[in-house]
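Starting off with a structure, shown below.
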Amino acid sequence: MRYLPLTDADRQAMLATVGVETIDDLFSDVPKDALNPDLKLPDHKGEFEVERHLSAYAKKNHAAGDGPFFAGCGAYRHHVPATVDHIIQRSEFLTAYTPYQPEIAQGTLQYLFEFQSQVAELTGMEVANASMYDGSTATAEAALMARRITKRNKVVMAGGLHPHYAEVVRTNEELIGDTVLQAPATPGAGAVLDMIDDETSCVIVQSPDVFGFLRDLEGITEKAHARGALVVAVVTEAVSLGLLKSPGSQGVDIVVGEGQSIGNALNFGGPYLGLFAARQKHIRHMPGRLCGETVDADGRRGFVLTLSTREQHIRRDKATSNICTNSGLCALAFTVHMSLMGGKGLREVATLSHESACKTADALEAIDGVEVLNDTFFNEFTVRLPKNASQVVDSLAEQGIIAGVPGGRLWPGREETENLLIIAATELTQDSDIKALASALRAAV
Amino acid sequence: MRYLPLTDADRQAMLATVGVETIDDLFSDVPKDALNPDLKLPDHKGEFEVERHLSAYAKKNHAAGDGPFFAGCGAYRHHVPATVDHIIQRSEFLTAYTPYQPEIAQGTLQYLFEFQSQVAELTGMEVANASMYDGSTATAEAALMARRITKRNKVVMAGGLHPHYAEVVRTNEELIGDTVLQAPATPGAGAVLDMIDDETSCVIVQSPDVFGFLRDLEGITEKAHARGALVVAVVTEAVSLGLLKSPGSQGVDIVVGEGQSIGNALNFGGPYLGLFAARQKHIRHMPGRLCGETVDADGRRGFVLTLSTREQHIRRDKATSNICTNSGLCALAFTVHMSLMGGKGLREVATLSHESACKTADALEAIDGVEVLNDTFFNEFTVRLPKNASQVVDSLAEQGIIAGVPGGRLWPGREETENLLIIAATELTQDSDIKALASALRAAV
Amino acid sequence: LEVPLLFEEGSYEKAGVDLPQPSGTKSRLGDQGAEHAPHLPAFTEPQAMRHFVRLSQKNYAIDMGIFPLGSCTMKHNPRLNEKMARLPGFADLHPLAPEKTAQGALALIHELQDWLCELTGMPAVAMSPKAGAHGELCGMMAIRAAIVAKGEEKTRTRVLVPESAHGTNPATAVQCGFTVDKLPGTEDGRVDLEAMKAKLGDDVAAIMVTNPNTCGLFERDIRAMADAVHEAGGYFYCDGANFNAIVGKARPGDLGVDAMHINLHKTFSTPHGGGGPGSGPTVLSDALAPFAPIPAVVKEGETFRLIEQEEGDFADSFGRMVAFHGQMGMFVRALSYMLSHGADGLRKVGEDSVLNANYVRVRLAEEMTQGYPGPCMHEALFSDKWLKDTGVGTLDFAKAMIDEGFHPMTMYFPLVVSGAMLIEPTETESKASLDEFCDSLLGLAKAAKAGETERFKNAPYFAPRSRLDETKAARQPKLRWVEPEEGAMAAE
Amino acid sequence: LEVPLLFEEGSYEKAGVDLPQPSGTKSRLGDQGAEHAPHLPAFTEPQAMRHFVRLSQKNYAIDMGIFPLGSCTMKHNPRLNEKMARLPGFADLHPLAPEKTAQGALALIHELQDWLCELTGMPAVAMSPKAGAHGELCGMMAIRAAIVAKGEEKTRTRVLVPESAHGTNPATAVQCGFTVDKLPGTEDGRVDLEAMKAKLGDDVAAIMVTNPNTCGLFERDIRAMADAVHEAGGYFYCDGANFNAIVGKARPGDLGVDAMHINLHKTFSTPHGGGGPGSGPTVLSDALAPFAPIPAVVKEGETFRLIEQEEGDFADSFGRMVAFHGQMGMFVRALSYMLSHGADGLRKVGEDSVLNANYVRVRLAEEMTQGYPGPCMHEALFSDKWLKDTGVGTLDFAKAMIDEGFHPMTMYFPLVVSGAMLIEPTETESKASLDEFCDSLLGLAKAAKAGETERFKNAPYFAPRSRLDETKAARQPKLRWVEPEEGAMAAE
C-alpha cells in the first residue's frame, strides 16, 4: 500500500483524537448491509507486477511507429519533441489544480494566455478559449453557441464533416429538440449551400474535410451570412493551419478544431484537445474557460480566469455550457510544441506533410484500379478501390501496414463509401513507407 | 540549429559591440592553417531523424527485459520504481552543477547527506562519501587510501575478487610501483590468508564473491589486523546488504561497492555508482566528495561540501586523489529508491532475489552434467558445465535467453574457468524464466 | 523573477525545431494555400525550456504540498501511471486502427469496465465521457433516452437538484432540455426526504444527488430517496465527484442509483494537469444500460470488439457523445492505480480519506465552526461564524493560507453554509502533513481572532502575485496578446 | 519551507514499495545472514515525491537561468538525449551480455569514436574513462606506458604544469608517479614558451597544458610548445575542459597534442546532474594509441567486437582502468547531441560560445577589470582590481549575484589573477539572457563602487540559506545522520 502514508499507529492515534473506536464508526450513515461489500477483485499488487500486467496489453497492439502508417481522419501522427513531454511532466504543471487561485497559479494561467493567443492567430480569429475536451465536442458546443446567438434551432452540416463529429452534434442538438441536417457524405460534393435557409442557426463546414478536400469557406460564409446564419469552421488537423488560408481570413464566425496533432500523441483517441476560437463580439456566448490579462494589487501584470459568470459554477442552470474541465495539460503540450515551431516551423512541418501526401498520392495513382478522388488536399486524400476497403485494410494490417481508414469504418453499412480508403501522411512518413504501401496495395487489389 | 538562440542579427550586433568584423577575428590566435578544418561529418539533423538513427541501434540489442535473463557479475537487473526516474529528471536536479554554492544547492546537498547516511548504515560503517565513479574505481581508491594510512606498498587481493576490479587495482597500483598479489581465482578457495604479511597495506575481499560465495570477513579481518594491514571489503551487489551481515559489523576498515543495483539501470556498464565507506578516524584520508552538516549565518541547519582540503582543486599535487566528479545523479537515484524501500523493503527485495536464485539453483542441479559449486550464495552462484560455457551462453542467446556470465568472458583463455557459468537472479526473475533456462540448458549440455 | 510572454521573448527567425528540407513537390492545395506562415514567434529549445520551467515555478502543485480542496480530491498521482500511459502500445495507437491491431487496448478498457462495475455495483458503464460534467451529461442523456423510450418526453421534464449541488448538475439538466427544481436541505446538511417526496410527480424525470454530498455528509436516506423517485417513475442520478470517500466501502448500485459518473482524475488519481484533461466514465443501472452511448467495448469469445454503431445490445443507444472512444490515456492510468491498490487497498483509500478528514475536522474545530454537527465523510465543512466580528472574511483567511505555504481550501461552496470552507485532505496525506496543516490553520485562526487583520487583508504577501484584479479582467477582457505597436512588426 | 531529513520524516513501518510475499524457500546464506533489516526508514510514495520535489526547489539549475561558470561549460541539456539514453536497448542492456546481443550498442560506441576522432583530428580514442579527471589519468597512464616501453620510466619523471592549471592536472600527474614542476605564465596570460623550453630535458615526461587555457585564452605558441616537448622526448597532454571554444573550429590533432580528454558533460551537453556522472573519453596520438586501455570497441567486417584483453592491436595496452566499458548512458546522449548539431552546428557552437563570452567581456569591462587584455575565447576573465577600496571582495560580489537570481561565476580561479572572476556563458544563452545578466552585474558593480556594502557583506539574503559555516563543517565533521537519542529507537 505504497500510496497510503498512514501507519496503523497513526490510525489508532487519529481515531482516538476523533473520538471513535473503529473506522466503521465513521461510516455509520451507510446502510449496514451495504457497508464493506465483498468485492470480486484482486488485492494490491507491487509496481513491477502492475507493469507486467499493463505491458502485456500494450504489446498486443500494433503501435503506429511499428511500421508504415497512413491513418488520419481526425487523429494524426506527427513528431513531438522530447522537450514537450518533459515540460508537461513537471510536477508543477502535471499535479496542479485548475487555476482558481491566481496568486499561485500564474504558471498555468500564463501558458493558457499564450495558448489562446496562438490559437487565435492560427485560426485567424480574434479570441480563443482555454481549450475544450476535443474537436468533436467543441463542434457541438459551437452549434449550441450559434443557437444562443442567433436564437434559431436548425443546424446545417456539410457532407464532408467527420461523421463522428456530425453524430456528436446531432446527439447534443436533438436532445433539446433542434433540427439537424447533413448534406450527403460524398467526396467532392458541396450540396450544403442549398440547405441554408432563414431558420439556420449555423452551417458547420470542415476543411480539409473528412475526405481531404479543401473547402471554399468564403463562398459558404457569404451565403450563410446572407441568410443570417453563422458559419462554424471545423479543422481536424491543426497542422494544416500552417499552410492553408486561415478560416478566420475567410470570414467564418466560429472556428473549432482538434489540436491533438500539435504536441499530443495519438493515445487511441484521448485525451485530445478541443480548439475554440470566435469573434470578439461573441465572447460572452462562448463556452469553456477563458484566461484574461489583468494586474495585481501591486500593479504587476498577471492572469486570471475570467468571464466566469458564463460558467456553471457561478451561473448554474443559466450557464453557457455544463463544462467545468478543459484539456489543460494537452493545451500545454500544444503551446510548448507550437512555441518550439513558431509560425515558420509549423509551416515547414505542414509543407513536409503535404509533400508526403503528394508523394503517396502519386505512388497510389500509378496502381491499376486505384483512383485518387481529390483535386485538392492537404495531407490526406481519398482513393476508391475496386473492392471493399475494410478488407484491404485488414489484410495490409496483417503485413504490418496501417493503410488508412476505410469508408466502412466511418459510415458502417453504407454502400457508396465502402470502397473508399482515406489516407493521411505527415512529416514522419518515409519514402520506404510509401513504397511498402504501394506495393502491398498493388498486390491486394 | 535548435539549441542555438543567437539569430544572425544578434550575431552582427554583438560583433559590433565587441568591435570585430567577423567571428574569425576572435579566433586569430589559432594557427591559420588549423582554423576551420574540413570535417568529414554530416550536417545537423532534426530531432526525429536523430531518434530514428539511435533507435535503430537500440533495436539491434537484446534488452534484458526481452526474455529470461540471468547475468550478474557486478551489474544486476532489479526493478526501479517510476518515481525514481521522475525525480532524477527534475530540471533542478538533472541540470544543477556541483554544489559549490551551498546557498542555492541545498537540494543536492541534503540528498547527498541522506545518501551518505544510508550507505554508512547499510555497510555498517561510520562514514561514507558522496559516491565515486563505480565499484571498481572505488576499490582502486580504497587500496590507495590504505597505502596512505599504512604507508605500506603491497596489496593482497582475494581470488574471488571480480577480475575487472582486480585489474583496475593493478593498473593503478603498479603505476606507482606497488606490489599487487592475487590469490588464484577458483570457486570456493580462500588462499588469501596465507598471503598477508607485515608489508601488506590491505587485503581486498569481495563478498558475495564473483562466484557468488559468501565470505567470512571476520576471519580475514582478524588475520589482517594482526599483521597491521587494513581490510577492504568489496560488495558488487548492493541489494545483498539487505539480507547479509554488514561488512562493518565484521570489523573491516573500508567498504567499497557498486551501488548500481539500487535505483539505477544496467546501462551497458555505466554510469554506475561507487560506494565508499570507512571508519571515522580515517576520514581525512578518504578520497572523493564529502557532504557535511553545518549551520548558516542565521543559525539554520544546512549542508556543505566539506574537508575539501583533501581535494585536488585546493590541494593540487598533494590531494588524496585526482577525482573531481562523483556520480551525483546516480546517487540521487539510489537515495530515492532506498528511501522508498527503507531497510525493511530492501530486505524484502533481497529475500525475493535470494529465493529466485535458490529456485534457479534447484532447477539447474536437477540437470545431468550441471554441477552447482556453491555451498552458500546470495542471489548468484556458479555452475560447472560439461563443456565450454561461452558456447552454451551464445547458443542460449540465440534462443533469447541470457543464461549468465561464462567464465571465459571474465578470465579469457584460462582453462580452469572456461566451463563455469555464473548465474544471477533477482526479484524480477519469474518461474517461467527459470523453467526456460533449465530446459534450454538441459538441451544444450 | 518575471517571465515575459512568448510573444515578447520569442523570435520570428530562429526556432526550436530542425526539419529536413522540403523536396519542392508540386502543391495540391488549389487556391487554399496561404502566402505566409502564421505570425507566431518561436523559442529555440534552451529558451523554451527556461520559459516553461520558470513559469512552472509560479504554480502550486500536489507534489509540493497539500491541496485541501473540497469536492476535488487532489491526491498523489503515481508516476507509474504516467509511465504506463506512455507505452507506445497505448500512446502511439490510432483510434481508428483496425480492431485486430488494438486488441490489447480494447482488453484494457474492458478490464477497467469490469473494475468500475464491480466497485460501484452497477451492471454497465459508458467509457466515452471526457470529464465529470461530460459524464453527468451522459447519465442525463441516458435518462432522457429512457424517458423518450417510454414516450414520456413531453411530460417528464423536471429534475430535482439540491441547493447544495455542484453547479454542473443544474447546468447539465438544462443542457438535456430539462428544467431544474431546487431541493431544500435539512438542518443536518442533507437532502430533506419529506420535502423531496412532496416534489415528486409524473413530471419528474430525475433527482440529481451527490453522495457523499457537498457538505461532506453521507445521505442517510439514500435508499428511501431512490425508492421514492423510482416509484414516481423517475431516475436517480448520483453525482460521483465524492466517490473517493466510499470507494471499496459502499456501492451506489447497492443503494438504488441509476447513473453515476466517476471522475478518474479524482478517485483514481489521474493527474489534474492544471484543469484537465479529465475522464468521466458513467455507470448505469439495468434500466439505463440499453441507452448507453456508443462506442463501447464488448468481449465476444476471446476477441474484443468496438461497437461503433447502434446495433445489437446497443440498438437503443442514445448515440455518440464524442469522436472516438474516450480518454484512453486516463484509462491506462486509472487501471494502473486500481491494480496497484487492489480491493484491499481501495477500501483503505476510502477509510483513510474519511479518517483524515475527520481528524482535520476535530483538530480545527478547536478554533473554527463546523458546518454541521457530527462526523463527516472525506471532507470537513466549516462556516465563517467563528470569524464573525474579526473583520476577516473567508476569502482573506484562505488567501492568508497561501503565505503559510498551503493552497486554500474550497471557499463559499456549498452555498448552503455561510462563508463555507470545505476541506478535503485525501488519504495520501500523512499524519505529519495534516498536523502541520492544522497547526498552521489554528495559528492563523488565533491571529484572526486576536485582531491581526493586516495579515489577512492583503494576503498573500509571499506569492508570485498579490491579489489580482478580477473585475478589470472581466470588464475589459484581454484574452490574447496583441502586438503593442505597428513598428514592432517591421522586424519580421 | 524547511525539509526535514528522511530520517526525521520517514517510517520504519510503512514503505513506498509493495512486493510479493516470499515463498519461504530454505535459505542458502550459511552463517552470513543478518538477523534484522538495516535500520533505515522509508517514505511512502507520496511522501517521497514531496520530499524530493521540495528539496529540488532549493537548487539552482541551468533550466532556470544562466550558469556563468568558467571551465565548466554549463550548457542546455536537450531532453531528446535523455529520451534516447532511456531506450530499453541501451538502458536495459547488461555490460556482459553476449557480444552478438549488443551489436547496436557497440556500433553506437564505434560511431561516437569516429566523431570524437574526427572532431579532434586524432587517430584513436579511449572510451572507458568515467569523468574528466579519469580521462586525464588515462592520458597520463598512456604517456607513462609509452615511457616504460622506451625503458625511460626511471628517468622521465617530471611533468610540467602551468600555474594556471586545473587542480586535477598536478593531482593526476602525481597519481601516475610523476613529480610536478610549475610552468610560469606570461603577462598576457599564456604559457611562457621560453621558460618552458628552459625547463625541458631528458627527465621531462610530459607537459600538461589546457587549451584554450584557464584564463580563457588560446595558447598561440601551442605548436612550438608541442614541437619543443616532442624534441625533448616528452609528450603533450592537453586538458580538454575548454574544448567547447574550439569545437568545429580547430583540432588538437592538428596542433601537436598527444592526448586530450573530452568532457562529454561539458562540450557535448550530457547533464551535470549536481556533480556527476561525467564521462571523459581520451583521444590519443599515434605515439600513444598502442597503449590505450582495454576494453575497446573495434569493427571487424560488419561485426563490432569488444576487446577485453591485451591482444592484437591492444597487446601493449596499459590495462583496464574501470570495470566494463565506460559511460554508455553518456555516450548515447553525446552522440544524440552531435548528430543534432552536425559538423555545421558544432562549428557554430564554438563560434557562438566565443562570441557570447566576448560580448560579456566587453559589456562588463565598462565597470570591471579584464584579467588580460584583448579578446578571449569562450570565457571572460576579470580580476578584482576594480573592487579595490570598495570593501567588497570577489566572494561578496559573487554571493550578491545570487540575490539577483544568478548562479555566481567561478571565483578565485585561475590562481594567477588576483580575486579572479571567470565567466563562461556558453552558446546556449540568448542575447537577451546575456543582456539581462550584464545589466544586473553592472548594476551590482556600480552599487559596490557606490559604497552599498550592506548589499554584499552578508549576501545572499534571498536564497534558501544565508552563508554557511564551512569552518564548522570541516572542524567538527558531521557526515551522516545520527539518531538523536536512545529513546527514539525504541519505536521500531
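Letters A, B, C and D mark the chains as written, and numbering starts fresh at 1 in each.
The rule we apply is simple: a contact is a pair of C-beta atoms (placed from the backbone, for glycine too) under 8 Å apart; a residue touches a chain by one contact, two chains touch by 3 or more.
Because the structure is predicted, anything quoted here is derived from the model rather than measured.
Novice: Please state whether B-C or B-D has more C-beta contact pairs across its interface.
Specialist: By the number of C-beta pairs in contact, the winner is B-D.
Novice: Write down the chain pair in B-D, B-C or A-D that repeats the interface of A-C; the criterion is over half of the contact pairs matching by residue number.
Specialist: When the residue numbers line up for over half the pairs, the pair is B-D.
Novice: Using mean C-alpha positions as chain centres, tell me how far subunit A is from subunit D in Å, no decimals.
Specialist: Roughly 46 Å, centre to centre.
Novice: Can you check how far apart subunit B and subunit D are, centre to centre, with Cα atoms defining each centre and the answer in Å?
Specialist: That pair's centroid distance is 19 Å.
Novice: Which integer distance in Å separates the CA centroid of subunit C from that of subunit D?
Specialist: 47
Novice: Would you pick out the residues of subunit A that each touch at least 2 other chains?
Specialist: 1-7, 44-45, 47, 49, 51, 81-83, 85-86, 89-91, 340, 427, in rising order.
Novice: Could you list the positions in subunit D whose residues touch two or more of the other chains?
Specialist: Each of 11, 13, 15-20, 44-47, 49, 53, 57, 63-64, 75-76, 78-80, 82-83, 340, 428-430 in subunit D touches at least two other chains.
Novice: Which residues of subunit A touch subunit B in the complex?
Specialist: Residues in contact with subunit B: 2, 47-48, 51, 79, 81-82, 86, 89-91, 340, 427-428.
Novice: List the residues on subunit C that touch subunit B in their complex, please.
Specialist: So the residues of subunit C touching subunit B come out as 11, 13-20, 44-47, 49, 53, 78-80, 82-83.
Novice: Residue numbers of subunit D touching subunit C in their complex, please.
Specialist: Touch list, subunit D to subunit C: 1, 9, 18, 44-47, 49-50, 53-54, 57, 63-65, 75-76, 78-79, 340, 405, 428-430, 432.
Novice: Enumerate the contact residues on subunit A facing subunit D in the complex.
Specialist: Going through subunit A, the ones touching subunit D are 1-9, 44-47, 49, 81-83, 85-86, 91.
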